[in-house]
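Two complexes are shown next, each including chain A; its partner changes from chain B in the first to chain C in the second.
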Partner chain A sequence: MTDQSNMMALPHLQHKPSKLRLARVLGFALLLWLAIVAVGGPDLIGQDPAKQSLLSTLERPSLAHPLGTDHLGRDMVARLLSGAQLSLSLAFLSVITAGLPGTIIGITAAWFGGWIDRILGAFADAVLALPGLLLVLMLAAMSPGSWWALYAGISLTLWVEYFRYTRQRARIVLAEPSVEASRLLGLGPWLLVRRHLIPEIGPGLLTIAAFGAATAVTSVAALGFVSVGIRPPTAEWGVMMTELLPYWREAPFLILQPVGCLVITVLALHLSVGGMRRP
Partner chain B sequence: MIYSIEVKDLSVFAGSTHLMGPVSFKVKPGGTLVIMGETGAGKSLIAQAILGTLPGVLRAEGEITVNGRRVDQLYQIDRAALWGREIATLPQEPWRALDPLMRSFKQVKEAHRYVADRQAIEADLATTEAFEALGLSGAEQRLPGALSGGMAQRVAFAAATAANAPILLADEPTKGLDSARHAKVVGLLAQVPQAGGTLLAITHEASVARHLGGTLIVMRDGTLVEQGATDAVLKTPSDPFTRDLLNADPQNWPKTQSHTTAETVLTVRDLAVERGKKCLFEGFNLDVHAGEKIALTGPSGIGKTTLLDAIAGLLKPASGTVTRGQSLPRHGVQKLYQDPPAAFPSRVPLVHTLRDVARRHKTDWSRVMQFLEQLGIHPSLLERLPDEVSGGELQRISIARALTVGPKVLLADEPTSRLDPITQRETLLMLDRIAEDEKIAIILVTHDQSIAQKWADREISLV
Partner chain C sequence: MSPPLKSMLGVLAARGLQAVIVALIVGIVSFAMMYALPGDAAYRIAAGRYGYDMMDAAAAEVVRLELGLDDPWLIQLWSWIGQLMQFDLGNSLVYGSPVVDEIATQLGFSLLLAGGAVAASLLIALPVGIVSGLNPGGLFDRTSMGLSVFLRAIPAFALGIVLVLVFAVQLKLFPVAGFRGFDNLVLPSFTLGIGLAAVSNRVVRDAVVDAMNADWRLFSRTKGLSSRLTLIRHVLRNAALPVVTYVGVQLAYLIEGVVIVETVFAWPGIGHALVHAIFGRDIAMVQGTALTLGLLYVALNLIIDLACRLIDPRGSVA
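Then we have the complex of A and B:
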């Protein structure tokens, strides 16, 4: 019997953290890359995403057009970049406009409790009872093709999640003896939020934010694909999918490009917060 | 001879850091082994290594044999098969081990049905019998939240022993119980070896060890300092640490001096408090003087904590008044908690928490450092999170935090019930010194009659 065999190590437990860390690093790298691409947009390559050239349609990748051209001879790289700009800016803004009020209302409800909590909770339930897609469709129908309608619709459906999560967690945290101790020591509301609430619910909120951003990106594409969201000729991933679908036999590499972009974006958002739990 | 538990040269490591050991012992069927020592001495690690429930970052070396079978080399899944069938365990703080959403009868029945593999009807009968034997009749349909600490302990005991596992591991089974329930749980444990089972109990109370008998292991900082028959070790301890541990028992404390002054800081008149519409007590009167040490005793659930809350102004009394003295500042009443980690924001380094308080009350940081030094806390500990320092250290840091406010009254809700006797004595002696130096009145809630007699100037019993 060797000494080695006497060990009772649990190897699977020890390897887990490094694997998760790798996934998160990959997710963050992808996100960073997407952010640079989205900020730069089509200007990065100096091509106009709307410039048509009917003499060179459905071209294979070449030096002039690294990812080929679409059915109207427009450069695919420029169009994908323009789509990234649109989708990611919308996702980013809707997460902020949904997240901040959602969190603040959630903390308010948990803090005061009683009838304030009940009214806010009932309001959130009412919003939740309305299917999210329906609200977006309604707003899109009121002002067709508008970026603002999409943005407002998505934000209005996303905030409830933040509200419910924050309220639930904050109620538990605020009932802890440590909060009672801090109050007894004379610490004010801002310190209670900063020392007790933010460290406890922050990581969870980040996870919701990343998943919410992914939902926003897919919603924009889905609405574009069924022709109620952004209208052509604006380059948007969902719109591009619809436009390129008829040509999938002649140029299958074209339709795959917006689909790939969507998959990479959602994957990056999910990876970056995966495994974000208690240390 | 087949031993129930045979441990040979057991050591526990975290990476390459040696945490505990080497420890060797043998327990016969029908035998008892008691492990004593300070908090953090590695007592629980022994139990976890035997069970196979050490946290993933820890590693055990050595041979462990349970009922003649080497278990340290088994796969986790095979070790788990022993749980409840060969080794049962009675966890610390049983109310946390019970499912909060399942009624107590069902929890015990579940163990009879699935761990002991009985038919539904047999399991029903066995559970009913167990409830009768443990004096739990009437509590069958209660949720764990509605059980008292002692009852929860017995329900957990019934569930743990359902499959008649011959070995019972009990990790600090008497923690936080009042004296009546304390005696009952110890009696329950003492029956295990009488019925032919094997008992391994971890405790830091000499009285528990004395009652259980058998053999005794004394641990300090992960090393074994003394091993032998319990009676002999308790009577004539050979190691200085064991002697220290036994001397720290509150029964052996000297009586502290009184520092009471004439100044009244708090007056309570005709106080009645209720919690959830239920009146806990009424007509309570109390005058608190600066520098006075008051012990508040009484059985669990009588409303000691509620009384403290009412005095601290955290709870509105049903009737009566709590009048604060002229000299008492707004935050002049501070509280110490039973579970120190629960009294600190869990993810914030301690230094931030202390600095927040110092800034709020315009206390000079050097004064806070002075308090910490008096309490024997090294400033480097402040960089850590609350769960990275020991319970005794954290309780002392919370004393320093309360002193930063400059209080006149300190309400201590069983501040030492989770600490080992040596740390308990040190902490209470510090509180005594603080009462003298800062002229602070201290109201101490305790379950221990000896502490109330030896430490306090006067005792108030709630009945």
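Then we have the complex of A and C:
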């Protein structure tokens, strides 16, 4: 049985050019590091991200504050860590919330076909009628500053991609003679999905998940930056950029830190699935 | 009816349906916003109409009766959507002026920025993509690949901040924000354009590689056309279709980018107005601007559909 699943996974491995290996390893290493950092959060260094110290504002990096302090004397490392915690946990949760139903609905649509397929497809098209961020923006406007609105909005826009991909691939896979044969043998739907479908669509779903997580992290920061997402004083990367922008002349190294964190996170997510998604 | 006309009508019908769905979603969400935001909507609207000083409980009661704010919500939603379908967007709750007037001036600025962004992206993506595609696997190809991956990971607003700090504040080449002349167009256009080009230059490259390997390309060389003429007459023209199709795929990125980048650069367009309206709880403006952005998205998609049909009349591309 393991032999069979290996054979199914093999073609994917063979297709991959070896050049991308290094990028993926680098991406995974970065992701692992980010995950550890996000799980630990500000507790890792034992500093409070909200603790102000108005006598030591906009300080250069020192032993006490390795990345300096912001305009209110708050420790930058603690704030960046707390921002990482917020962004990455939201990205992780929304990818799960979007991915599982999206995939299941996609398989359902492909399995049953007919009017169920048409209704689900129409629903997905309706969600895609607006650019995703616009929908998130309007939902965020309904309850300003709320974490839940962001989470719901991002998940709502992300699930469509899983649905479309799964539906399209599943339709092809389920029509294959091998599936037909398994079905004639009397294998149940769950076994068919697990044996034939999951190995086929798994790598693609992983790619969608990585890019979806990157979209989520970017959206959170973008909305925070234009003051309609997470609100200050919460340490969030986009909010920090808005807060630190007026102080670029006194402390240019401060504003570049949240920008750098955001870029590294998105880059790590893109690299971990090979860097470039083919259109 | 001839087949091309029929397929053209099909495209129009599909995009028309999308426009209706956009209007419904925007309308329903805006309506829900009125309920979800704290405070009495009647007081809020009365304050918007008469000013905070001239407003009292009686004025709010008049508004309540006039707009039927006591009716069951289903009836209210019905009349709300009904007004929307007649393009009656109401007055801005903050400025008091009709939303349509505000949007009419902002739309021009947003279109200008969107056009500038697409122009900037093509300015970068076409040369880079063509040179990479003519020598796939070469040094230039690999360098542009690496740069694309990196640039793609930079969100538009973060790139905007960096560009402002470098080109406007340090080098003083361009103005920082606002709109006084066409100097102001450069930085926001390239902020969006670089993000678009990071992906589309790879599409151009792939299209050129495909076209260079095609049989008809070999044939045109065999029949005696110079390699330059083959490139211009055949390769680039055939490579254009995937590129135009891909501009269509990027439209969502473009509209989203317009919203955020306009705010970074204080660009007086619709996206900036939308963010501002959300911040000021101006529901009428939120609805109007979101609707306009949504419809702009549909209209641009329609243009791309028709352009694809024009380039490749076989209609093989859906």
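FYI, the second predicted complex is superposed on the first by the 256 of 279 C-alpha atoms of A that agree within 3 Å, B and C clash if a C-alpha of one lies under 4 Å from a C-alpha of the other, contacts with A are read in each partner's own complex, and residues count from 1 in each chain.
We adopt the following convention: a residue touches a chain if its C-beta (ideal position, glycine included) is under 8 Å from a C-beta of that chain, and two chains touch if they have at least 3 such contacts.
Note that the structure is a prediction, hence the values are computed from the model and not measured.
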- Query: A:Ser182 contacts which: chain B (first), chain C (second), both, neither?
  - Reply: first
- Message: Tell me the contact category for A:Glu200 with respect to chain B and chain C: first, second, both or neither.
- Response: first
- Query: Given the superposition on chain A, which partner contacts more residues in chain A: chain B or chain C?
  - Reply: C
- Query: Once the shared chain is lined up, is A:Ile96 touching chain B (first), chain C (second), both, or neither of them?
  - Reply: neither
- Now for A:Leu191: first (chain B), second (chain C), both, or neither, which partner does it touch? first
- Message: With both complexes superposed on chain A, which partner does A:Leu32 reach: first (chain B), second (chain C), both or neither?
- Response: neither
- Note on the structure: The intersection of the chain A residues contacting chain B with those contacting chain C is none
- Message: Applying the document's contact rule, which stretches of chain C touch chain A when the two form their complex?
- Response: 18, 21-22, 25-26, 29-30, 32-33, 36-37, 145, 148-150, 152-158, 161-162, 165, 169, 199, 202-203, 246, 249, 251-253, 255-256, 259-260, 263-264, 274-275, 278-279, 281, 286, 290, 293-294, 297-298
- chain A residues touching chain B - in the complex, by the definition given at the top: 3, 5-10, 13-14, 176-178, 180-182, 184-188, 191, 195-196, 199-200
- Message: Which stretch or stretches of chain B touch chain A in the complex?
- Response: 49, 52, 54, 56-57, 59-63, 72-73, 76, 312, 314, 330-331, 333-335, 337, 339, 342-348, 352-353, 356-357, 360-361, 398, 401-402, 405
- Query: Any idea which chain A residues touch chain C in the complex?
  - Reply: 23, 125-126, 129-135, 137-144, 214, 218, 221-222, 225-228, 238, 241, 245, 248-249, 252, 255-256, 259, 262-263, 266-267, 270-271, 275-276, 279
